[in-house]
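The next part holds the structures, each set out as structure tokens.
In the two assemblies presented below, chain A is common to both, partnered first by chain B and then by chain C.
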Partner chain A sequence: MSGYAADVAALARKDLKLELRARDTLPAMLLFVLSTLVVFHFALPEGSGDEAAYGLLWVAIVFTALLGLARAWVPEREHGVLDGLVLATSDRSAIWLGKAIATFAFLAAAELVALPAFALFFQPLDAAAIAGVALANVGICAVGTLLAAMAAASRTRELILPLLFLPLTIPLVVGGVGSSISAEAGDYLLFLALYDGVFAVLSWATFEYVVVE
Partner chain B sequence: MIRAEGLEKRYGRKRVLRGVDLAVGRGELLLVTGPNGSGKTTLLRVCAGLALPSAGSLEVEVDRSRLGYLGHEALLYRELTALENLDLYGRLYRVPERRERIGMLLERFGLWDARGERVGSYSRGMTQRLALCRVLLHDPELVILDEPYTALDADAAELLDRELAGLVEGRAILVSTHDPARVEPLATGRLALA
Partner chain C sequence: MSTSSSNSRVPAIAAVAAGLVGLSLVLIFFVAPEDADQGISQKIFYFHVPIALTAYACFGWGALKALLYLWRREERYDLESYVGIHQGTIFGALTLVTGSIWARASWGVWWAWDSNQLVLFLVLFLFYSAYFMLRFSVEEGPRRANFCAVYALFGVALIPVSFLAIRLAEDFIHPTVFTRDGPQMSGTMFFTFCVAWAGMTALAYALYRVELVGKRLDANLRDLREALTT
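Take a look at the complex of A and B:
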């Protein structure tokens, strides 16, 4: 394993270990996404159609991700650990990538419960919709991890993160809903993959400037 | 090894450092003193590369991976044990014979018996000793210590005195402290910030 990949693996593994110990992110995400779907189930009038239900699924996914991202850098804020990681890693983007992978794992775990619950309350998702969710997860975690790091350095982090993150998820929601309901799902999946590629490269390249004063 | 000329740091309109010059070579220890708010911590953070200077020049000859930095905070995960914290840093710094080195440092700083306990359960003094283990883990060439005696009891402070005396040879060291008398005998230079 190359040095960079070893750094990323060590950092992601550390985040998973921290979550297994503290259990303060994943249970909250699971509870949130399930309760949101239950509320939507009762809130949506009968005969509203698939489009409305898929739209609500994406609202639930985006806000569940936001919940996870808001907690993503909490362990690093305590005792100033981010400074230690910044000094110890030979390429600082490894910190971002390790965190993004861990956030992806938490979001995917929440969706492993949320998608069957959605199928139970509304209707099952087809393969294109599931591919849309997987691709959107990559974009959410890539850009969200960077924005969460920026917000973590601010005193008003609870306010700043949603203000920065939600506008940037609009293309993901468009692509995700499109891949779920459109006859040309492939085009929307391609759009999501393009978004992932562009924002992953941007986040990777700019992380260094976010963590140095 | 580290040289700064006319170093300035501003946060918004507030100027924290103004016109600081310093030079520390191998085998030298620079003692940084000054009252609260004089910019000691900011200066050390700039020297460590954690903050960028607003003006002036800074040359650090050693690679970041050869720098050991102790800040006001321990830079350790509270939910991980001492061993897990040092193992993570050891991996990131690519320390050869990592486990042996970690074991030796934990023994030296009297933390071997508490190696499996989470850092969140440590006292402030134990956390500071573990933070010093982290600083020395990768055998740094440039050592930057911001108030290293904070929370150390008399025995641990004497241990740090001995460590510092041993470290000076072949390394460049910057130390800020409110207790300059403690470091004065080892210091080859002094920088007083106003």
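Take a look at the complex of A and C:
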């Protein structure tokens, strides 16, 4: 394995191991997404249509991701790990990629519970909808990891992350909802892939400026 | 110093902006013919569209300065990027207001999700409002300048992506599309539009320069005060 890939793998493994031992984030995300779905059952009036439920699923996914992202940089911040990582010889974008992969794993694990629960409580999901979720996860983790690093370094911390993050998720929600309910789901999946490409490259290229010092 | 000589140009820029805006007002209300369908309410087109285009230009300008900051690491680009985005946000808010008035005049509602332009500006307005939240919650210094520059670059990527998203969302949110103004503009109307656009851009540039002068004065004053107290 080349140096860069080894760095990324080591960083992602560090986050996954930490989560396995401390179990801080993932149980909270799982419980949150399930509670949200139950709240939605009561928020949707009788006969409000099946399509409304798909929209709410996306709200649940975005907010669950937000919950995980708010915690993403806490270990680095609390123990001064980030200073050490920045001083290390590896490329700084590897820090972002490692964290994004770990966040993706948490989000995917939460969705492994949330999507069957959604199918059980509300509507079945087809392959296009699941592909939409997978593609949107990439965008959420790419953008969210970078913004969470900024938020962690700011005075307002967790307060500012949703403000920075939600306007950027609007295209993802459009793509996700479209891939769940539209007859031409392919267009929406293509759009999600485009979003992922644009913002993953942008985040990867700019992350070194976020962790400077 | 180069800043003081460029500061002396600000009154001239402001005069040009005032002249162009004045000329465009005359053209809009006395020269351009009234629209056959929409009547007098169509006049807001000459404000709304130039303001929207100017807002885009300001956001683009702010992102360009942000890119220059990340590249050259000169502090002045950070301030210029911030002021550009500040002006863009002001013009963005004006776009929302004028768009809302136009929607009321032509469709009878203050807000229309059918209008892609308005929805896009709402998204951008939220995005750039968060820019200010970010800027004011990070200590002044290279870190803040970096964060703001990166966020400004995300903004210019978000504009086309959101535009595309809103177009796609039409299919499942609103199957019907309103067309606001056909391309059939007469020569005088098009000329009026161009003058209004130039006027609005000049106005934004003048405001940008004025704000920049003020912000630089502030910074210089602070440095001076720190030098005196220490």
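Everything below uses one rule, namely that the second predicted complex is superposed on the first by the 211 of 213 C-alpha atoms of A that agree within 3 Å, B and C clash if a C-alpha of one lies under 4 Å from a C-alpha of the other, contacts with A are read in each partner's own complex, and residues count from 1 in each chain.
As a convention for this text, a contact is a pair of C-beta atoms (placed from the backbone, for glycine too) under 8 Å apart; a residue touches a chain by one contact, two chains touch by 3 or more.
Quantities reported herein were computed from a predicted structural model and do not represent experimental measurements.
Of the two partner chains, chain B is the only one that A:14 touches; chain C does not reach it. In the superposition on chain A, A:84 makes contact with chain B only, not with chain C. Ranked by how many residues of chain A each touches, chain B and chain C are led by C. In the superposition on chain A, A:199 makes contact with chain C only, while chain B stays out of contact range. When the shared chain is aligned, chain C comes close enough to touch A:181, but chain B does not.
In the superposed model, A:22 makes contact with chain B only, not with chain C. When the two structures are aligned on the shared chain, A:210 is found in touch with chain C, with no touch to chain B. Applying the stated contact rule after C-alpha superposition, one finds that A:191 touches chain C and leaves chain B untouched. Once chain A of one complex is fitted onto chain A of the other, the partner contacts of A:3 are limited to chain B, with no touch recorded for chain C.
Residue overlap on chain A between the chain B contacts of one complex and the chain C contacts of the other covers 212-213.
The residues of chain B lying in touch with chain A in their complex are 45, 48-52, 64-65, 67, 69, 71-80, 84, 88-89, 91-94, 118-119, 127, 134.
Within the complex formed with chain C, the chain A residues making contact are 51, 143, 146, 150, 153-156, 160, 163-164, 166-168, 170-171, 174-175, 177-178, 181-182, 184, 187-188, 191, 194-195, 198-199, 202, 206, 209-210, 212-213.
Every residue of chain A that touches chain B in the complex is listed here, in rising order: 3, 6-7, 10-11, 14, 17-18, 21-22, 75, 78-81, 83-90, 212-213.
Of all residues in chain C, those touching chain A in their complex are 70, 123-124, 126-127, 129-130, 133-134, 137-139, 142-143, 146-147, 149-151, 153-154, 157-158, 161-162, 164-166, 168-169, 171-172.
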